[in-house]
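Listed below are the structures to be examined.
Two complexes come next, and they have one chain in common, chain A, joined by chain B in the first and chain C in the second.
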Partner chain A sequence: MAKTLNILLMDPPYESSNTATSLRLIEATLKKGNNVTVFAYEGATALSFRHQKGHPNPVKKTSLEEEKHPLTKDFVSALFEVAKKKDVEFKWVNCGLCVDERGVGDWVEGPVRGGPPQFVEAVQKSDKTLIVATTR
Partner chain B sequence: MSKYLFIESRDPFESKDTIQLYGLIKELSHQGHNVALYLVQNGAFSSRKNAKVQLFPELLKEQNIKVYVDDYSLEERGISKDEIHQSLVVSNVDQLSDLVLEEGRKPVWH
Partner chain C sequence: MATILSVIDTAYRATLEEQDDTSLWFTHACKNSGADVHILLTGNAVNYAVKTQNPKPLHLGTSSVSSPNKFHEDLESFTKTGSKVFFIKEDLIERGIGTDSLIGIEGIKRSNLASFIDDYDHIWHW
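Entry: the complex of A and B
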């Protein structure tokens, strides 16, 4: 029977390995046929920001194409695709106040705006909640 | 008795918090609780036999504690399976997902 994981992220893109591990965990959980709700707070609200851009690397002299710079917005979109293929529920909620502070309100398709009341509701409805707080 | 899952992402030489967490885990074990410790990211550095990490070897002797180490984190850091403590379970995010969702187990990220 499908379970539901509720996970709270706080780190901004390119700041901490916590983000990569969390996204790997979310993907694995979805692929196992479980539902996942992500709450992105503080800097993590920028993970799904639509206007992220890759770049060449002048030090290594690699082009934009060669560099294949990973963008977290693409990872977020890929998770929605995984959920669709597995026919499981995947929600990505960005904290509205955190979004406004950072001006990162233009997202890829999928995430919605929310806040602490939605988080409390998700905690009550989920099987487990995992808080991935910023390290410092 | 309770079941816990601690996901340790920090290098024991970077933060004393890690050693304090090991102390908490040992205490929980002595109180009869079941504890899973999953080493990930720089937390994987504790897995090396040659690393002199305070308290960590003691955890490996405890009956109520099972210690996992993330295969991807080992690979990223160039740590081979020959270098790590034998009693560690080399694991992956699939198993981590199962542990997080295991009924009654309380997951804590550190």
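Entry: the complex of A and C
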């Protein structure tokens, strides 16, 4: 029987390995046929921001095309694809107040706006809740 | 209903620009949304319970933060909801803070932490 992981992310893109580790954990959970609810809090609300752009790498002298700079919005979209293929439930809730503070309200397809009430509801429905907080 | 212990360990994380501690604020908001949640202050966050805090406003050119947060007041407000706030006694002693300088909250010994945590269904570590 499928279980449900509820996970709160807090770090902004490109600042901490917490993000990559958490996204890998989410992918693995989905691939095993389980449901996942993500609550993106504070800087993590920028993970799904639609207007992220890649860039060339002047140190390595690679072009934009050669660099293929990873974008977290693509990671988020890919996780929705994984969930769709596995036919499991995947929710991504962006903290609305945090989004407004940062002006990152235009997201890729999938995430929705929410707040603590939605998080509490997810806690009650989940088998486990994991807080991945910024620790600096 | 699941019982939750919100362990606040990282202190003063962007608290001037936010005018709040984001983990403390979030925990209180979850309480207001119906969660059975309590707080454990550990590490530098034990200082949040010191009742003589008086942070000064921040001024940067013409911009300012005129209402810096007073965390002991936030904690007192949180306890008025019926939830409890705890702290690790050793973390207070290591920082030279006397219990008489704190708001009325309960200390627990570090050696009792495992059994203390075992009473909760969820642990949120901030």
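Following the convention adopted for this analysis, the second predicted complex is superposed on the first by the 136 of 136 C-alpha atoms of A that agree within 3 Å, B and C clash if a C-alpha of one lies under 4 Å from a C-alpha of the other, contacts with A are read in each partner's own complex, and residues count from 1 in each chain.
Please note the rule applied: a contact is a pair of C-beta atoms (placed from the backbone, for glycine too) under 8 Å apart; a residue touches a chain by one contact, two chains touch by 3 or more.
None of these values were measured; they are calculated from a predicted model.
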| item | value |
| --- | --- |
| First (chain B), second (chain C), both or neither touched by A:Q124 | second |
| Which of chain B and chain C A:S17 touches, first, second, both or neither | first |
| Contacts of A:P116 with chain B and chain C, given as first, second, both or neither | second |
| Partner chain in contact with A:Y41 - chain B first, chain C second, else both or neither | second |
| Which of chain B and chain C A:T135 touches, first, second, both or neither | both |
| Interface residues of chain A shared between complexes with chain B and chain C | 128, 131, 133, 135 |
| Footprint of chain B on chain A - complex, ascending | 3, 5, 17-18, 21, 24-25, 27-29, 32, 34, 127-128, 130-133, 135 |
| Complex contacts: residues of chain B adjacent to chain A | 7, 9-10, 40-42, 70, 72, 92-94, 96-98, 100-101, 103, 107, 109 |
| Chain C residues touching chain A - in the complex, by the definition given at the top | 1-2, 4, 9-10, 13, 22-23, 26, 29-30, 32-35, 122, 124-126 |
| Parts of chain A lying in touch with chain C, wherever the complex brings them together | 8, 10, 41-42, 115-117, 119-120, 123-124, 128-129, 131, 133-136 |
